[in-house]
Amino acid sequence: MSQREENLGQYMARRGISRRTFLKFCTVMGSTMALSPAQAAEMAETMAKATRQSVIWLSFQECTGCTESITRSHNPTLESLIFDFISLDYHHTLQAAAGDAAEHAREEAMKKHKGKYVVVVDGSIPMGENAHYSTIAGITNEQMLRDTAKDCFAIVTVGTCAAFGGIPAARPNPTGAVAVSDIIKDKPIINVSGCPPMPQVMTGTLSHILTFGAIPELDHLGRPIAFFGETIHDRCYRRPFYEKGQFAKSFDDEGARKGWCLYEVGCKGPTTYNACANLKWNGADTFPVQSGHGCLGCSEPNFWDQAGGFYAPLSVGDWGSHEVLAGAVVAGAAVGAAAAVAGRSKQKSAHEEKKS
Amino acid sequence: MSLSDIPVTVEPLQRPTGMAHALLREIADHLAELDSTGTAGAIDLSSLPMNSADIEELKALLGRGEVEVGVDTVGRSEFYETTYTGVWWASHYGDDGSKLTERIEITAVPEMIKSHPDDIRNAHQRLRDALPTDDQETRQ
Amino acid sequence: MTLLEFARGPAMEWSLIILVAGVVLRFAGIFLLTRHKTYFRTKGGSTLAAGLRTIGTRSAPTPDLEHRVRFSHYTGYLWHIGLFITVLFYAPHILFFESILGFGWPALPTSVVLAAAAVTLAVLIALLIRRMVHPVLKTISGFDDYASWFVTTLPLVTGLVAFGHLGADFGWRYETLLAVHILSVELLFVYFPFGKLFHPFSIWFTRYMIGGQMEQRGVRA
Amino acid sequence: MSLNREAFNKFAEMAGQLADMDTPVEMPDDQRVANAKRVMMEKMDAPKAAMLESCIHCGMCAEVCHFYMTQEDGKFTPILKLDLLKRVYRRELSPLRWMHRLYTRDVTIEDLEEWQELVYDTCTVCGRCSLICPMGIHIAAMMPIMRNAYSAAGMVPAELHLMDSQQDQGHLFGVGKDEFIGLIEQLRSQGLEIPVDKDKADIMVLTSVLDIMVSQDSLIAMIKIMNHLGYDWTFRTDGYECANFGMLSGDEEVHLKASKKIIDAAVACGAKKVIVAECGHSYPALRYEAPDIWGHALPFEVLATSEFLGQEVEKGTLKLKKAEGVHTVTFHDPCKNNRWGGVEKEPRAVLTALGLEIREPDSTGRTNICCGGGGGAFLINRTADYRQRVFELKRDQIDATGSEALVVTCGSCRLNFEVGKMKSNWGKPVESLVEMVGDNLDDGAARSGTGSP
Amino acid sequence: MAERVVVDPITRIEGHLRIEAATDDAGNISSAYSSGTMVRGIETILKGRDPRDAWAFAQRICGVCTLVHGIASVRSVEDALNYKIPQNAQLIRNLMIGAQYVHDHVMHFYHLHALDWVDVVSALDADPKKTSELAQSISDYARSSPGYFKDVQKRVKELVESGQLGIFANGYWGHPAYKLPPEANLMAVAHYLDALAWQRDVVKLHAILGGKNPHPNFLVGGAPSPISIDAGATTGGAAGTALNVVTLNTIRSIIQSMQQFVDQVYVPDTLAIAGFYKDWFARGEGTRNFMVFGDLPEKGMDDPDSFFFKPGVILDRDLSRIEPVDLNDPEQIKEFVSHSWYDYSTGKDAGLHPYDGETELNYSGRGGPAPPYKQLNVDDGYSWLKSPRWRGQAVEVGPLARVLMLYAQGHEPTRELAGMALKKLDAPIEAMFSTLGRTAARTLESKLVADQMMNWLDIMVANIKAGDLKVHNEEMWDPKTWPKEARGVGYMEAPRGALSHYIVIKDGKIDNYQAVVPSTWNAGPRDPENVAGPYEAALQDNHSLHDAAQPIEILRTIHSFDPCIACAVHVNDPDGEEVVKVKVR
């Protein structure tokens, strides 16, 4: 099969797809990823020389929401991605093969693209003595991740579970779930967090690897800065109301209907780094805050365990209870009274000393 | 029962924010550079905080010139030259017809309209292949 | 546990405990001390009325003396009012109080609060400089004065920094800035009962008492 | 009537030698410190504690203190003068004492030495600082505790300590009961009718060492006034001296002892009213402080001279002629009478009755600036320069009113002004209120005295 | 016992499922074992949290049915607190559920199930022109020109020739069980791609009403999508929310697009493909029992008469009798762990009602083999799923149960539609009790629901017109208004079947939470009586494997249930203690 070695440019050319297609793809990607317009052409040239990127998608302790999300990608579409740009060689939810055949597909891809394939992971992983809480084909997720990651080029974690532990790792983490980065230390890991991540952010990140053959610039949590560089609040269309002090006080008051800021009903936009407010969801020109519910903060680590829950305003502390404060009052009064009583007796003895 | 029965007023247009006029300056700067050094420039409108009224205003300010080009590849892309020669309006649409991005390109010919040398080489090869096999002649 | 979680969780709880317990402790410790009896014939009217009146009248210097303390008087009010606006009328703060008190109140536009905070900060800085150079203030000021200034100003600075997302260039993220802001407020809470910052609690009583004491001698305090 | 210049000069000379005549109290340093601290602790109570806890170090008290106003030295800040008290309170009684002990220095003998100047020399306990404090700290009310402590530590400035000892022995500046009787006899010889040591009298009148020595005219005026009013009054030789150096030095024992003489005398003659001579501190010393030290209410009413005169004028019992040769006056409120005693409108009623136009200075009445010599400071020689500066401040204020004369109703105010006048060649007459009244009694008017006040 | 066939992973499902099947010498499946191999413990995680937050956690049980657990969760809180929600909120939920049905069923059919019946490689041999004729003969769907099919074919060809088949790699292509002619295969592949594009538009409805999809937002007490009718609300500016006059119109057109796709593509394709696999109407019957909890109220959950799906149980195929269901009755609903990796304090064979349920993870102690393993220990525990039973009976839930219930209840449109379909396939109603019957029921149900949606939208628009904008009831939002203790059950008909969430609230916090989900009913292991659940029973019904190495037969039947395993695996821990016991070897 001589054609196996052909690069993406040749593959596309053979399909009658012109280099214009690359250019367009790169132009549009450039816009999504906030690259400078001049980089598009350069991207297109690089990309033409690449082979279709082999991608192995591993699903562990997950809910399949991340996969569902990527099927909603408008730009590029999933079908364009899997037909034109990547080779999705293993993906439970989408692949035709099952059982042993599926596992063979993974092994073949690993062998053939040794050192070049990208591993996408969704779901957290129960580690060590808890590993038996999730198995596939009789082997533990931890083992499968280690085996598959060994010869990869990079790992892209999609979803907050794979990136940071997510819901399985939420208190009290009954299955001892951990993030990919807790297990794999020797490979570049790109965290595409979100519950689920935005489709464009997943496809955009994959496209970046595809077009530049390199890891995009990452923030301190390993997330691509192009998508996670700003908070929801920074780009929220309701931000002007925040500035004006106009807040919805409940979910269905006048303020809510007028689109006022949802800070007071618990929006976590100010501390959540994600692209929802500028890319918008599902091609519907909206995102959670716009639809009326506060941001849950789903692209941040530990968002499941954040203080006060989803409806406590961000500025409200998780400060215990009134009972605790009442206890503090009692304790304070007791100590203060004791101090005063001791002080009085001191004064009294001073007085008597004087008399004597 | 239809939606038009709902007793509300819909104001379809937003007010322009003045962004369009600001952009004209930037376009003029790019044009000057194109004129003097031949360097092409581009402005990505989707990444700017422009509302629909701003876009309409900018379109009106630039006008529509002589050339119009459509490109069909993974959805349609449309280019037209504005009344200012060298200033092109480019709109890219996706497979599903949704607008992906909108740009202003300041160049003699937008890159996407030009044929890529690889494509030309490929076309040449394909045409050669398609020609009736007159061995002696084509082999040179 | 992230810094923000720490700030909003245990740090908040403990600082509130220290604040509340500290204030009550100091209050009880002071007011349960002895009281000396007065035997002289009193002269003025009701000491209760005079005490209550003094709480109000001491809010401004007595007119004859006002010109001597005008600067302190106005700057004092300026930054206190600025701080109150910032603390009490910024929507996120109101929510914090609501979580403790169980009720809230309307907020002011962020721009107003921002302006108030900026003015407050400017005045506080001016007052710090004055404290360091003024013959009286530099003489009588000690650790508590500078510490109190610091713990009061710090939340203002950290709040403004967090608000403006300043520090992004150094890789400081908003939640870190927010956490630092909350921690700085908690520092204020913790320090509050122990230094001169306690005065908002005692001022009402001391004013009341001087009013009564002077009234007993027929003098308007 | 006016000041006896000769006597005044003699008095000034005597005052200058007081320090040399004093026998300092011998005591080990740690005993001094212990005594001082003991007194500070003993005197502390909840209101004072609350006040000491409340200072925000705003510095406003300094701005209204005449010593700071005239010298702009931060150490004269009133609240700072209480610092030792505050430290003792913090270390010993504050609810946070365990914390304060970590960083609050204990009071040392050096501290006591350093603060002596602040407690005696540069504080006349005038109470103006207490008026401005935005926190409501009654700074001046705590100053006496400092003096009590110094007294217990045997660290009262020599001049005051000497006077304290003299008061204890029953004479001041060598003026005792005998000298008083001598003066009475002399005045009687001049034809004055003077009731002395009556067994029964409605009103007992006090005099002061200053009147006896320097301003006999004041004493004469008072006698004339009392006679003019026709009340049943008397001097008592077992209780005539109103000046109380025990209060000024901080020696409560002496304070009470001196006050007890008066109390006993008044009780003996059944006086309903005791009139304190024109001597500022004597008024609160007897009226307010003595009962608190004694622990009993006084069985009589105590009135300052100006207060008594004003009341009589207002009652219409005291008829006065229009004063001659002077039309406009400025009245200087003694802090001890006004800020510490609530006497404000009475002297002004008297001046009005004298047909005088009162020209008030910038800050007057309740907020009047002290003469600079109150609280015993007048006698402390090393403060002369401080006092002079305050005098100049006062002088400029009074000059600004454009009045023809200054009227005072306190001996030490009067002497302080006189000293200042001398030093700076100020020409404005300084008049005594009681003397002005004595000079302008309307003898034409029917005696309305009914024999009882 | 000749052979143990193991299929792990079962792909094209949600979650992690393993099937082990014992075959006899003839290759017939004699006994089958279904095992969920992944556990997360979401119910344990939910304990102690704010009940108002629960939906977000519960929703993450599954990203495919993405909204069903959110809705069941908010309903459980509302049921516990007797918290009434506005009608508009009810209708918004119905619209979201409806869109979920159609979206989920279509995606299941094309993207998860179709490849069991459609040979992608065979599509390369199709004649595009003939394909076009075929397509036009069954539907008037617009995209059916020869050129269109040629394009699709070309695309697939390029993919195959590139040597990188991606998701199509290692499929059982060419397996004799594939019976469609190349043209039908090509048509199906084309529609595979069409459906992928179409579904993106459908989820816009969720995005408008819930902010995003997957995992749209919900709200206890109503819906988090205030209706903006202000001038300016529709201009995309700041003065409004996502739900306004313009987007109501968008929703209308989305519903139309759904109806159109179902009518023109989904239904005809199902019938066309089924026509080639009629033998699959004769195998894969499950337990003969079917259960529906009911859902899609026009008015409220307290008015079951206004439900589109009404509750009931059908026993032993008897459509003439409908047993009533009571979710709160401990006699009716019990969960067993005799073949699960859990311990009960009452012994492993006793059943417990969800309110009294307990869960103690005990993998090793209950027969879990140490990974890596080849085979499960089916005599003891072999799954993270429990085995729920209704009055001791294993029952099947899901589209088939619902369609049968509608049919049995005499729902006219259902009878008409089913009659049409069965007539076209020349099959009796009994044919529905089968693998393909299950798949067909899903298709029919999609049409019934899609047609119903416009009705709900019209009611909502009428409400808005009458000035009723209410979407959330504020009254009980504050936990201070709640009773000290409350418990309730939130139920719904998820696309995959009857779903119930049980919640116990104490002092404003979750004291106990558990979900009994459709796939537990269907995919659960054997009960103490060794009675198989629907998956296992269906596989044991007339299945023979042509090639044990390519067990496509197993996939067909398992996929007909549309497995959703993450949902089914759960931990509940009502005793308020951490009882997760981990024993290794």
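Letters are used for the chains, namely A, B, C, D and E, taken in the order the chains are written, and counting of residues starts over at 1 for each.
The rule we apply is simple: contacts are C-beta pairs under 8 Å (C-beta built on N, C-alpha and C of every residue); 3 or more make two chains touch, one makes a residue touch a chain.
This is a predicted model, so every value here is computed, not measured.
Graph distance from subunit A to subunit C, where chains that touch are one step apart, equals 1. Touch-path distance (fewest steps) from subunit B to subunit C is 2.
Taking each chain's centre as the mean of its C-alpha atoms, the one that lies farthest from the centre of subunit E is D.
Among the remaining chains, the Cα-based centre furthest from that of subunit B is the centre of D. Summarising the inter-chain contacts, the pair of chains with the most C-beta pairs in contact is A-E. In terms of their C-alpha centroids, the spacing between subunit C and subunit E amounts to 60 Å. With each centre defined as the average position of its C-alpha atoms, the distance from subunit B to subunit D rounds to 96 Å.
Between the CA-based centres of subunit A and subunit D the separation comes to 80 Å, rounded to the whole angstrom.
Within subunit A, the positions touching two or more other chains are listed as 74, 77, 283, 335-336, 339-340, 343, 347. Residue positions 197, 200-201, 229-230, 236-237 of subunit E are each in touch with at least two other chains. Among all residues of subunit B, those that touch two or more other chains are 95-96.
Within the complex, the subunit C residues that touch subunit A are 1-2, 4-5, 7-9, 12-13, 16-18, 20-34, 91-93, 95-96, 98-100, 107-113, 165, 171, 173-175, 178, 182. Subunit A makes touch with subunit C in their complex at residues 220, 231, 233-234, 242-245, 247, 263-264, 270-271, 273, 300-302, 305-308, 312-320, 324-325, 327-329, 331-333, 335-337, 339-341, 343-344, 347. Within the complex, the subunit A residues that touch subunit B are 9, 13, 17-21, 23-25, 27-28, 30-32, 34, 37-38, 41, 48, 74-77, 80, 84, 283. The touching residues of subunit D, when paired with subunit A in their complex, are 38-39, 41-42, 44, 92-97, 152.
Contact residues of subunit D toward subunit C in the complex are 43-47, 49-51, 53-60, 62-64, 68-69, 72-75, 77, 79-80, 93-96, 99, 103, 128, 130-138, 141, 284, 287-292, 294-298, 301, 338-343, 362-364, 366-367.
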